[in-house]
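Below, chain A partners chain B and then partners chain C, in two separate complexes.
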Partner chain A sequence: MIDLIKRYWRTLTRPSAYYSLGFLTIGGFNGGVIFWVGFNTAMEATNTEQFCTGCHEMRDNVYQELQPTIHFTNRSGVRAKCSDCHVPHAWTHKMARKMQASKEVWGKIFGTIDTRDKFLDKRLELAQREWARFKANDSLECRNCHQFQSMDFTRQGKRAADAHSTALDRGEKTCIDCHKGIAHRLPDMSAMEKGHER
Partner chain B sequence: MRRATNAILAVVLAGVTAAGLAASAGVEKHDPLRGPVRIDEATRPLPLATTENKDVKRTRSYPMQPPTIPHSIDNYQIDRFANRCVMCHSRAKAAESQATPISVTHYTDRDGNFLADIAPRRYFCDTCHVVQTEARLELTVPNTFEDAETVVRRTQGQGKPPLKKK
Partner chain C sequence: MSDRASAPDSGESAANDGRRRKTEEFRTWLFLSFVMAPILSVLIVSGYGFVVWMYQLFAGPPGS
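Entry: the complex of A and B
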């Protein structure tokens, strides 16, 4: 085994005997570009609504619930798709999230939520995981579109302006603290602490 | 024979025509729910009115009236899993949300026992509490309701004594 590694190391550290420097540099550059584009295209494909709703677990549960909400149907026709809220937009964080999401492939293979009842039983755990993620990154995926600096309190309802100009402004609260269950139905909240929150 | 048949046919036809006329006269009547549109014509539905969202409390028409909701409740979830209204209006959350806390009557069961949480029979808020829309006044259904105070004041103004129990 060690011999094998040594042999490869020697090959890698020796100058090339057959290929020209131009071929290796330009070819390597082009190969890198092609690989990079292909990689990103494949990853973007996993960010589409079509991909997310390709499995019945997502299509029959959360996707159905999303459709009557303001993030799917609204007066101005702007729509947030699954990945807008559930996948970070910055590249490194996106990669980290995609690696975590490989667990979902495991769940799909072993049918963790392959029936409605299983999904409802598991829903609190799934929701809490997502709430914790939003809480930890200060509701980054909300703020990708809803920027605090751009909010006009005079155009908001009284309740909204009161909450946004105080707790949100001071950073005591983040979007997800109040806006749970806006894009999907809530899990069984009675299992959470009394007072029906958090 | 043929003449007799023709006569019968004529009578039947006349009857059918008369019945048809009567029916078309009925068509002229309007269904109050559909507005002034003939029954055989398609209605032009009124535009949907938006929900009033001003957060200003409205007068109750009578003391026992469930207060109307002064804000929109689109997509509020009220089912066995969660109750969106209670998330702000519960006793514990009222201080933080500054929402009107739920009345104590909602914590009593039908035997008059006070419970720690909302009584199941009072759980579904929108059975009694409803939003109001900004529908134009001429589109609302007219009614002659007057609250008790108005009635009392009016009768007193006319020199009649207020109603007394017998």
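Entry: the complex of A and C
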């Protein structure tokens, strides 16, 4: 057994005697291609609505709240799935978020929000985290679909057109400042300090 | 030491060694390309994601 290991170690650390450079590099490269396909498939699979709502914590709470909203069903049928808003699209931040998802695995195992009451108790904290994320990146995940430059104010209601053409245009406000609660229900805000709703 | 059969003739034993070496090289290549490299890639990428997550804990969410 030890001899076997020694033999393979010797093979590993010396130039190949029998296989060409072409075989080794091109073959290895294609191995990498296969890996990359698998990696991205896994990334996409963990971004599907089916995956996210696999946990009843999500399925019975926020997913139910999403369904009557415009982000789920509307005239054109263009809709958002969980990951469109909640998983950063940029690669590095996406990797960080996927590692952070270990917290959700923990929560599933230890039942952090596994009843309606536990969920309601924690939901303001969870919502605030997402609001802080949107504020920090200027609502990037909103803007991934909603391009400000393409907004036609003449087709918006007066209140919306006024708000968008002033505070949003000047960069004083970002989408999430006014549109909290648009995709799921607004949490009970009474625990937040007055004047700090934004 | 080795329990593999070796013919007493040195030419044939050298050829056997060569065949064995070739097999070992092929298996080593297979292992590196389809086991070690993927595992290493996953470890490196997830390690990177983990480090960035830890950094974001005190630096705040991206963009801040």
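In this text, the second predicted complex is superposed on the first by the 178 of 198 C-alpha atoms of A that agree within 3 Å, B and C clash if a C-alpha of one lies under 4 Å from a C-alpha of the other, contacts with A are read in each partner's own complex, and residues count from 1 in each chain.
Rule of thumb we're sticking to: contacts are C-beta pairs under 8 Å (C-beta built on N, C-alpha and C of every residue); 3 or more make two chains touch, one makes a residue touch a chain.
Remember, predicted model here, so these are calculated numbers, not experimental data.
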First, second, both or neither for A:R155, with chain B first and chain C second: neither
Contacts of A:R170 with chain B and chain C, given as first, second, both or neither: neither
Contact breadth on chain A, by residue count: chain C or chain B: C
Chain B versus chain C as contact partner of A:D3, first or second or both or neither: second
Residues of chain A that touch chain C when the two form their complex: 3, 7-8, 11-12, 16-19, 24, 27-28, 31-32, 34-35, 38-39, 88, 90, 92-93, 95-100, 132-133, 135-138, 140
Chain A residues touching chain B - in the complex, by the definition given at the top: 68-70, 157-159, 162, 181-182, 185-190, 194-197
Chain C residues touching chain A - in the complex, by the definition given at the top: 1-2, 18, 21-22, 24-29, 32-34, 37-38, 41-42, 45-46, 48-50, 52-53, 56, 60-64
Of chain B, residues touching chain A in the complex: 53-55, 71, 74-75, 77, 79-84, 86-87, 90, 92-93, 98, 117
